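Across the two complexes that follow, subunit A remains constant while its partner is subunit B and subsequently subunit C.
Up next is the complex of A and B:
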């Protein structure tokens, strides 16, 4: 038993009868909050669309020939797809009141595990299975430690970060493992684009759509919001909080496994340095997308837009040949600006 | 939302999942192995003949401390050192677990000093931070061979051996310049390594200085990746997008080059030629095959670790090195960053690292 239910029986009993549906704020905000683009969350998303539009104008002015070309738009989407899939999983974890610092390390471990010589002998199916299984496995370990340990998410996933990176390094010995399976490599080439859409972007879209449905249209999603908003009330409402937590981290791990395979397709190799700082990028994208770090609120659409904003910025810098230091300074400034802007719109909204 | 009753009964579904999970685990465990079934360790026993006199002399114990081998080149450094030490009957090599943590590496070197090794070979994770402990070793009468990343003061080492980052850029620039000297308005693109390392700046400086000799060539874009495949792919695809057409590309690092090559393939571009950096086996094989944009690579040879073992052994036996008139070992040896092309790749292939 993780929550101190016995210590405060009075307040707990009061919370008891309330939430048969999503408890707390989500309900109070009215029916609009449950739609993807309604309520304050929708305003977040709209303001991010505005930011994207501004970036697009900057791009069209500073690099008129290149920015709006089809190949560049494809490129932005491809570059967003790997971290985007990770961010979808991260969004669920954060909405559920947790944090997952191990995503980058899990991506690294899954990507090197599925590109070992032994795994590559099983072809693409073997590699996909391996990446997903490793991701899911790591996520389950995280979830078990956090839900049943119980260890606080920050510590448990930090431990996973260290171990998974170490394990990845042990497998590779620091070597770059080149992929020799042709079917995997061609998945990243121009020839396999479907109506101009790269397969990796299709994967990303599929994960986003699945994430949206899962969050907005299923019991799983409502329970996620409930345990993030008020775990005690959720428990008293009969939601199996621990099992829900376990599943959230497993979901995040699975997303990392998918992302790892996508990264292998993209880079044609597995390396233990893969997924470097993904945890920070995914958390940053989720936050500027309107997900609240304390849990209970957030949208998939917002997170995906957050990822697209970051990727577009990186692309703009590359097109204008700006150097690394300028990029880093600007990225920090943009995070702060986005969050401040959101707070304004959020205060104005209700 | 209805509360789900928690029923810990072994239902058929649970059993099914359990079995599936167990067999998945078993399958995965079989997949950690990285050794190919065909066994491709032909590199062993292919290292060049020892340059210094290899007749057995006084026994020498060499302590070796390097950073964590989380990168192909660093891994090759460790392998080169170990293989070289094994070739000598009179050398005992004591190695520490590689570490990127300054405090830990200092502790490891102190342990080596306490165990009274005869000579130390140190590739510091951070040269400046490890200067003090190297000074301690020198004061204790243990000569230090400083490998590649240099200590702050010359008092901290007896001999420094390392690569030439400026020269790497210079040679890459000259190679590209010579190939493009008859092309009017030639455009060159640079894919640099980690920008917060001084070595990256030195490489870029050398490259720019060399290109300055060719007025027809302009460097139109430079972006920095992070020595990783992932960053190489990402940054290169941005560069390809930014520069619709150019003549030559210099990539600082062959590890990130794997990602860069991937980006080039994905973009379907081949109007330019690419020069690598460091000298990985993968790139050398591509140069030999001559079926991609990769036409050359500029070495930053990991064989320097083997040379460091040679120097340490000679120091321990109070000998000089053959081929020079000097009685003593020089204090500083800067390696030459040779350009590997299709014409000479066979000679360098055994030194390529994975």
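Up next is the complex of A and C:
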């Protein structure tokens, strides 16, 4: 829950010129209320906080001893962190009018490449560099194909999904690569927790903060919204649309590299099956968080809350010994509900 | 045409609100069989909402709709269709990837047990197209390959494929050339002779005089005048009803002498040398001096927009080059053109010019973000203040930089685009149909603005389908026909008929 609490002021600050508030409603609320809510996106984030609160109550009732324990909350946050970092990158890509289906495969490739015996010889720094470089490299390939090919994002990243997974399998030959570098392994230990917060969660918080600033306070973020909202108008306004697209996929790849290293810390190993279905989870979390799949609108705070909702539900199902099948069905239902809610909040005006 | 027969459609006290907007505030309208009833009003007056109520796309909040005297509920577009109401929308709602015949029968396909009867559909479509005076359009042609005028005909054929008694046409002439408009009017006359009623929406008063029987004027969601005779009501009176004020000369006075920065003495800011795009327009030479307004007159398809977009770098030329201040621009690169001081107000404002989800301020600042950024970090208050100052300078309404740009009227949206280039400090402004979909009052404001920018030294290249607009604004006019400049002259030496002749015939005789 820590994450949800810290992101709230962020959503309030975002208020200013919220992308598309129904004018009447905003006026009816008055400027104060409007600033506090931050337009439809803010309302959306608030409702996600409400969903989290409801889930917490359900957890406290159904598994009173386990759910609210420190170790369980730490577990939820750690689990949310890896997919959360991927989701931040995915949010940028979707706001920019694209989609990245290759994130799971890139995580797998980066995680196995940075855990080969050869890479591990360079210690933690070498492993981090390798993971980030592989992620960034794959993202750049995606971006070049999409921006300058041009190949539609769906196809280009689908091809990357297949190739990167295949490459990862070739590197590992299907074996699990155990990490032997102590400094990496200790990052996952209880001893490295900062005031009870696992380092991986701090990574996630840092990526979230950086993503929020990048989206809301820089020309990069503004251009991302512009090319997603209306690529032709962006081009005619003199925005270098292709370069921006390239950078968005590179950013997503870089996030995958960070997530890959975090996954290696978490599992103490690298496997070619890592990051399975991350593309689905990241896209779902972004949508639940209020990002519009057609581009031009979305928030980092919403996406992070979307990840937390998803992870908390998974945790609740595990604590209550429910089957994964049921869990997946529930996740599908949540995605549909989130999109319906999004339509309500965004399309109120004519 | 309009006899003493009872109205086919009567609307009384129709109201419709959207969050924050009362779009219709008690509108009355009656349409007689066989008449052309014109609907006039500024953008935002409620015309679009009203026709959506008639076509069943919007359900009114209050009021009564009578069809042939009987109260009806138009709960959906198909309910309206069943009664015999067809609507041809401004933004044509055709599926580009389907054929003409498939589009015409979309939603009511002729089929046997679920299998399409393509032959029957093709034959029926061919009959409809012939009736519309366009037998040359093949029913199996893809709609995406048709020019705008052809699509209009397909829309019309779709409307007529139903048993229709009332057709609503929302600015049907906006995308048409003069001869196509004449054909449209022939079709309308044929329909009204059969007793079909037409509700006709247009910004062009001269069209309303030619085709209309009666006029209803909307303002602020109310009908301020009902059933005026279309031929006999003075223009001045209609404009006054629409705007609430007397509109006089729409075009500002031409300055007696060019300003110090302008005139033949100044060095040209833009020079176009042999610029061409194969299949679109032939090699073109053009110079623009600071403070000069040059107009490109020509029909749709004469290469006007293509020329503007190629100069701007949005299309890559097959020959020739563009120089700004004597330095050649990188071909096919918009960003380079913008850096050199060019700005474009594109033809399709919503599709090409605006970020509809975003605020006015963000739409204005988008081309100047670099100015408000240090190392990529945006100074948002400076950005907003600068955007607001430019919007105010153009008296953009509402005076709220945070208003979503999609809620603005056409004229104010155009001002947002112009404010963008004003903020950027552009020196060559390319205007493509700057007043399309802009009402009379806002047009006059835009004309004055273009003149003022020119007086301040901005060079303007203007494309417009409306010849009076080109003649009234430009200093020099190039007349285009089929991608070729057929005549170039001082605007004062030309008149509307002469330009029309040139545009149609291409012979300077």
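List of remarks:
Convention: the second predicted complex is superposed on the first by the 307 of 350 C-alpha atoms of A that agree within 3 Å, B and C clash if a C-alpha of one lies under 4 Å from a C-alpha of the other, contacts with A are read in each partner's own complex, and residues count from 1 in each chain.
We adopt the following convention: a residue touches a chain if its C-beta (ideal position, glycine included) is under 8 Å from a C-beta of that chain, and two chains touch if they have at least 3 such contacts.
Owing to the predicted nature of the structure, the values given are computational and were not obtained by experimental measurement.
By the touch criterion stated above, A:217 is placed in contact with subunit C alone, subunit B being left untouched. Annotation for subunit A, partner touching more residues between subunit B and subunit C: B.
Within the superposed three-chain model, A:192 lies out of touch with both subunit B and subunit C [touch as defined at top].
In the superposition on chain A, contact of A:331 is made with neither subunit B nor subunit C. Once chain A of one complex is fitted onto chain A of the other, the partner contacts of A:163 are absent, as it touches neither subunit B nor subunit C.
In the overlay built on the shared chain, the residue A:79 is in contact with subunit B alone; subunit C does not reach it.
On subunit A, the surface patch touched by subunit B in one complex and by subunit C in the other comprises residues 20-21, 219, 222-223, 226, 237-240. Residues 20-21, 63, 65-66, 69, 71-72, 75, 78-79, 113-114, 116-119, 121-122, 126, 129-130, 133-134, 137, 169, 171-178, 188-190, 219, 222-223, 226, 237-240, 243, 263, 266-269, 271-276, 314-315, 317-321, 323-325 of subunit A are the ones that touch subunit B when the two sit in their complex.
Within the complex formed with subunit C, the residues of subunit A that make contact are 16-17, 19-25, 27-28, 217-220, 222-223, 225-226, 229-230, 232-240, 296-297, 348-350.
Contact residues of subunit B toward subunit A in the complex are 1-4, 6, 24-25, 27-28, 30-37, 68-72, 74-75, 195-196, 220-224, 226-235, 237-239, 241-242, 244, 255, 258-259, 261-262, 265-268, 280, 282, 354.
Residue ranges on subunit C touching subunit A, taken from their complex, read 18-21, 23, 49, 312, 314, 334-335, 337-339, 344, 346, 351-359, 361-362, 366-367, 369-370, 373, 376-378, 380, 384, 401-404, 406-407, 420.
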